[in-house]
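The two complexes that follow have chain A in common; it is paired with chain B in the first and with chain C in the second.
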Partner chain A sequence: MNPELPPGLALQKVDERIMTLNVGPQHPGSGHMRIIVQIDGDFIVACDPDPGYVHRGEEKMAEYRNYITNIPHLERPVIHDSCNVLYPYVLGVEEILGIEVPERAKYIRVIASELNRCIYTMYWLAIYGIFLGHSTMFMWPAGDRELLIDLMEKMTGARVTHAHFVPGGVRNDLPPNFEDVCLRQVNYFEKRIKEYAAIFYDNPILIARTKDTGILSRQDAIRLGTTGSVLRASGVDYDLRKKEPYDVYEELDVHTNVMKEGDSYARSKVPWLDMLESCAIIRQALQKMPKSGSVRVKLKPNPKGKGLDSVYKRVESGRGSLGCYIVSDAKPEPYRVKMSVGSFRNLIALPYLLKGEKLGNMPSVYWSLNYWPVEADR
Partner chain B sequence: MSSDSENEQIETTSDVEPASKATPPAKEIELPKFEKGIADKITEKFGSKTKVAFVKPDRVRIDVGRDDIKEVAEFLRDVLNFDHAESVSGVDYPQDKEIEVVYHLGSYTDPSLSRQILVLTTRAQREENPIPGNDSTKLPSLREIFYSVEFHEREIFEMFGVYFQGHPDNRRLLLPEDWADLPPLRKDFAIKGR
Partner chain C sequence: MSVIAPNFKFSEFVKSILDNLFWILLIFTLVGIPAVQIVLFYIEMPVIDGKLLTPFLALTWLADPSRTLPILKAFMNTDLFRIAAFPGFGFAALIAAGTIFVERKMLAKLQLRVGPFYCGKVEGILQLMGDGLKLISKEIIIPAKADKPIFWAAPVIFVATAAAFVALIPVAPGWVVADVDVGLLAVFAIIGFFPIITILSAWSSNSKFPFIGGIRALHQMVSFEIPLILSLLGVVILTGTLNLSEIVESQTNFPWIIFLPIGAIIFFITILAELERIPFDLPEAESEIVAGWLTEFSGMIYGLVQLGTYLKLYAFAALFVVLFLGGWTGPMIWPPFPEEIITDGIVMGPITAKIPGLPVFSQEMLNGVVWFVIKTVGVIFFILLPRGVFPRIRIDMLLSLGWYKLIGLAFVNIFIALGLLYAGVLGPGGIL
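What follows is the complex of A and B.
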């Protein structure tokens, strides 16, 4: 009496050799994304990343709000790096509206974005540590990160989501005595992160797990259009702070960290070297910053673009180049805002890197891509 | 204070403008040389097939018809050394009945181009009632030329309904699997309550 079972109940013959494994979206090892891997024994034969579980439609929302009210929600993709996420948008709006930013505001922006880069990288490093089973490496960065978060709180009033950058400068001037506190904290922070080398980067267990896994050659890194630490770990000397300096990076001495190996180890070490570089940049910026002056150009209410125009601005964020394409018409709202984010661009490398890798190496390769699921989904 | 100085600036510029109005060629000299060179090379090769939309510092924008885009992209990669796509965006123009796809191309290998972004745009026909993948909203895929556009083009397909012919993997990327509404970044898809 039951001639045909519903499709879900009918038994299917499955391939005995290749197994499909869903990692995520609830798996703690994947962040808010799913990686569908096919494994033959212990080896990955195919991988299909499936992002989109935290897609919030930032770009659509931006079309309904004016240039200023877009600020708080556009920084949400990476709350730890909110200054850098907002940076290209603010630069783009400034070009559309034709605003010149005061010198002191430019320095404050550089300091804020470098602090944010460290805060983000520390968070990423903590996660990278815990997924390699190194719980000290979770505790230390998560604790030392507080130093800089306190600094950002002093500067902007908020611990994460600062909404500090506005077209025309920064929202508020620095609090009194900030320079001294900042210098002290950053010097101590630098001393602290140098200690990470002994416990983490020179650790034979980490080296055994990450050296020579997931090698991305220089040629492939370029061809796949990867960016940021992934690109620099594969031997391409490309950092927008140096190659296309924005604001006052031209006047600062920025050193680019490049490693040639292109393996997980190099990809995990480059962001750490970048943090040391950030400390040096902050010190320079504190020294060169004008001691007083305006930090913000007053805008007219509801600023508008002049006509159909488009700008593409990019900055170097914690995860690589972050571009913002803004199409404006003569309305107070942007016609279209597109964020081209480093995480999304680096994700394309994941299937290439995981193929032929052992399943146990998946976390080390995946997290070494400096990937932030929320940013990729926007 | 600052708003006052702004007004002053605007006034001074408006005072100067009538005097310099008689010299329009002065504007052409302002065009950045290097970027102009890139634009000239492209127009020299393709002539009327391409249209140089603007030349700004570090940014050159080229508008191309959908039939010529592959040829132009190959030229950009092989001769002008642009080796990857930074970003691919769609822009919906319902009044023109077209959807614009904008490729931002950059170069890692050529040091002279490291500041440059070449903006390559093309337009696809737009339909009022889209059936993504099964209507006339189609463009040739640039995936064969720039590998880096693979995920970006998938995103454009789901967000705007532009099908990329020749793309090996035209699946959904960010949207849920059971999404059955309009492609959400089209202008006629409205956010609730707005």
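What follows is the complex of A and C.
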């Protein structure tokens, strides 16, 4: 036996009762990753998440492109949440280049990022439904998501990967009559997602299955460094839109949803409550937005940084805090771009939560962590 | 250009037949004739007008219009027809195919989508045929480490067992393949056979996910068999018989669901568990164990298992109808046969055709079949419905439901039946 094999491949002497299961990457319940699970009967003894199957080197790629051409590829890690993924990068580049963004563009950014948060959360919710064997909960969010995708298409011209945020504002102004259409669609969307409670969140079988499973206590949630809905489901009131308001969030009334239980049910319910909150924020932003004005500051072609400089910006994405660290020198390309994503921080909690759980709880606990494999691998 | 499916040419087809004529004749002689004789030896041929109806005689008489109907009726009285066509396999497979189509369309309506749409002109009605053709044309992949004979045999035994279950169901008065006096016991025996097949197929594929699925199926089926059997005891106590046809006849005035609602509910829940329908589809839980004990099946082997599953679904729904909803009994809604056709004959222009042997089916039988089908389809609808509403439950919740709640309720149901029997209201010799 070769002792230099990596730990996942080395032969281990284990108890005969224990069976090692490779859940993924070719598995309907894993996503683009592998979870090595050791089970004793129906109980999980150990769990070793193994991400990295969709590593695309986005950070290295960013060092070879200038500040503007980085935009389309940096949103690829989470195409459903592309505005939020791009948001910290754009904020950081604006600080490096010293650009002041017009007021109207800031509101458009807030509307776009809240719409994108809903689009991402609907996709996540659809997969959560099918992971629990609830096929209606797969089809309904996937269908209702189209409403908001149509809105984004009107706004940006693309259905999924928008590339709408640019340093200095947004790419295009809103189309005429967008405010009315947006208000109508968002109101209908809110009414529609409130109906999900009856079939999903108040479903007795769902409650019996996910209550008191995979409990992440308040101390553990802070200690493990989880963010976003996972942290808020464990009773920590932490939302970057309120703690470190960026753009115009300090002028808007943002209410965060906190649940104390810290179990799978709470973790699955907080994103749904956040969607309702997003609808309220969109309505406020539509009301307060300046009705006319510039939406983009003209940049010089091929803008350069002033010298050795670094900036760290973070925003609240659909999966938690999403940070972007940019180091610039006096060149058109950034010296280094590093993304700190919420998915990977939340995945760290998985081995702790799954230890001692039943195998049947694995999909619900795993997906309730609001984890997006492609974002974690970048 | 694809070389897989060359164009069909009739001349080449005839030429290939002529080239191989010798071998075709040889195989027909060596295999066909003994096979026909073996079949003739085992099937009882009917006697019409004192003559034994051999196949040659039947072909001759079919040309004579006045002889056609008696031959058809004689054929319908054979066991072959009963097993293959009407109360047996063909009828059940037809209802099973309809069930698959209705399930897809109904679930699609529930989930705000369209469902099968393009295959066939009307609402994708030929989708099932397309899927069947796809499964037949696919390669059957067998895992290298599988125990091959058992792996091959398990789906076939599964379909055969489901078909044996179908054979016990009385559809109309006198129309049942196997009218045995211990019908309900035979049903229990067949239900007890399914977990064995499941664990055999799961174990023989020698893979981890099927193995976990098989163990789950074993737990689920065994622990729900007990409440299933106990929930039916109430009916047996009140009717005093195990024969399914007699149980149906005892419900001419009222179905047992009126007096034994708890038993009916328990039986319905256990049906869902035995059929591995959502919310009890743990043995096939996709997000946990891929497809459970079906993971390694491919091609037509998988198709066979699906066929068996839907035959089983029909049989369980029909059993619910027979035991609790009164089977074929119901108000007479089928119009009576017009007598003047027998006396006067059918006038077609200048010709008046007199057809002896009409009517083919009696009014009671057709009415019974209509009521049976209506009730069965209704029960199947309620079996399909939870799939759109509930998520999957967990194995510990399932076992506690089966062992604690359902068995206790089944005893409550038995006490209700005993109370009704001792009060003298119902049962053999009761006043109702």
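Criterion: the second predicted complex is superposed on the first by the 363 of 378 C-alpha atoms of A that agree within 3 Å, B and C clash if a C-alpha of one lies under 4 Å from a C-alpha of the other, contacts with A are read in each partner's own complex, and residues count from 1 in each chain.
Here, a residue touches a chain if its C-beta (ideal position, glycine included) is under 8 Å from a C-beta of that chain, and two chains touch if they have at least 3 such contacts.
This structure is a prediction, so every number in the text was calculated from the model and none was measured.
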| item | value |
| --- | --- |
| Partner chain in contact with A:321 - chain B first, chain C second, else both or neither | first |
| Touched partner set for A:255, first chain B, second chain C, both or neither | neither |
| First, second, both or neither for A:236, with chain B first and chain C second | first |
| Comparing the two partners chain B and chain C, which touches a greater set of residues in chain A | B |
| Partner chain in contact with A:135 - chain B first, chain C second, else both or neither | second |
| Partner chain in contact with A:143 - chain B first, chain C second, else both or neither | second |
| Chain B versus chain C as contact partner of A:355, first or second or both or neither | neither |
| Partner chain in contact with A:205 - chain B first, chain C second, else both or neither | second |
| Touching partner for A:32 - first (chain B), second (chain C), both, neither | neither |
| Parts of chain A lying in touch with chain C, wherever the complex brings them together | 19, 21, 27-29, 42, 129-140, 143, 199, 203, 205-206, 208-209, 358-363 |
| Chain A partner contacts - residues on chain B that touch it in the complex | 1-3, 6, 58-59, 61, 83-87, 89, 91-92, 102, 104, 108-109, 114-115, 117, 119, 146-152, 172-176, 184-185, 189, 191, 194 |
| Of chain C, residues touching chain A in the complex | 107, 110-113, 208-209, 212, 278-279, 281-282, 285-290, 387-397 |
| Chain B contact footprint on chain A (complex, rising order) | 50-52, 55, 57, 59-61, 64, 222-225, 227, 231, 236, 238, 243-244, 294, 296-298, 310-312, 314, 321, 323, 325, 327, 335-336, 338, 340, 344-345, 347-348, 377 |
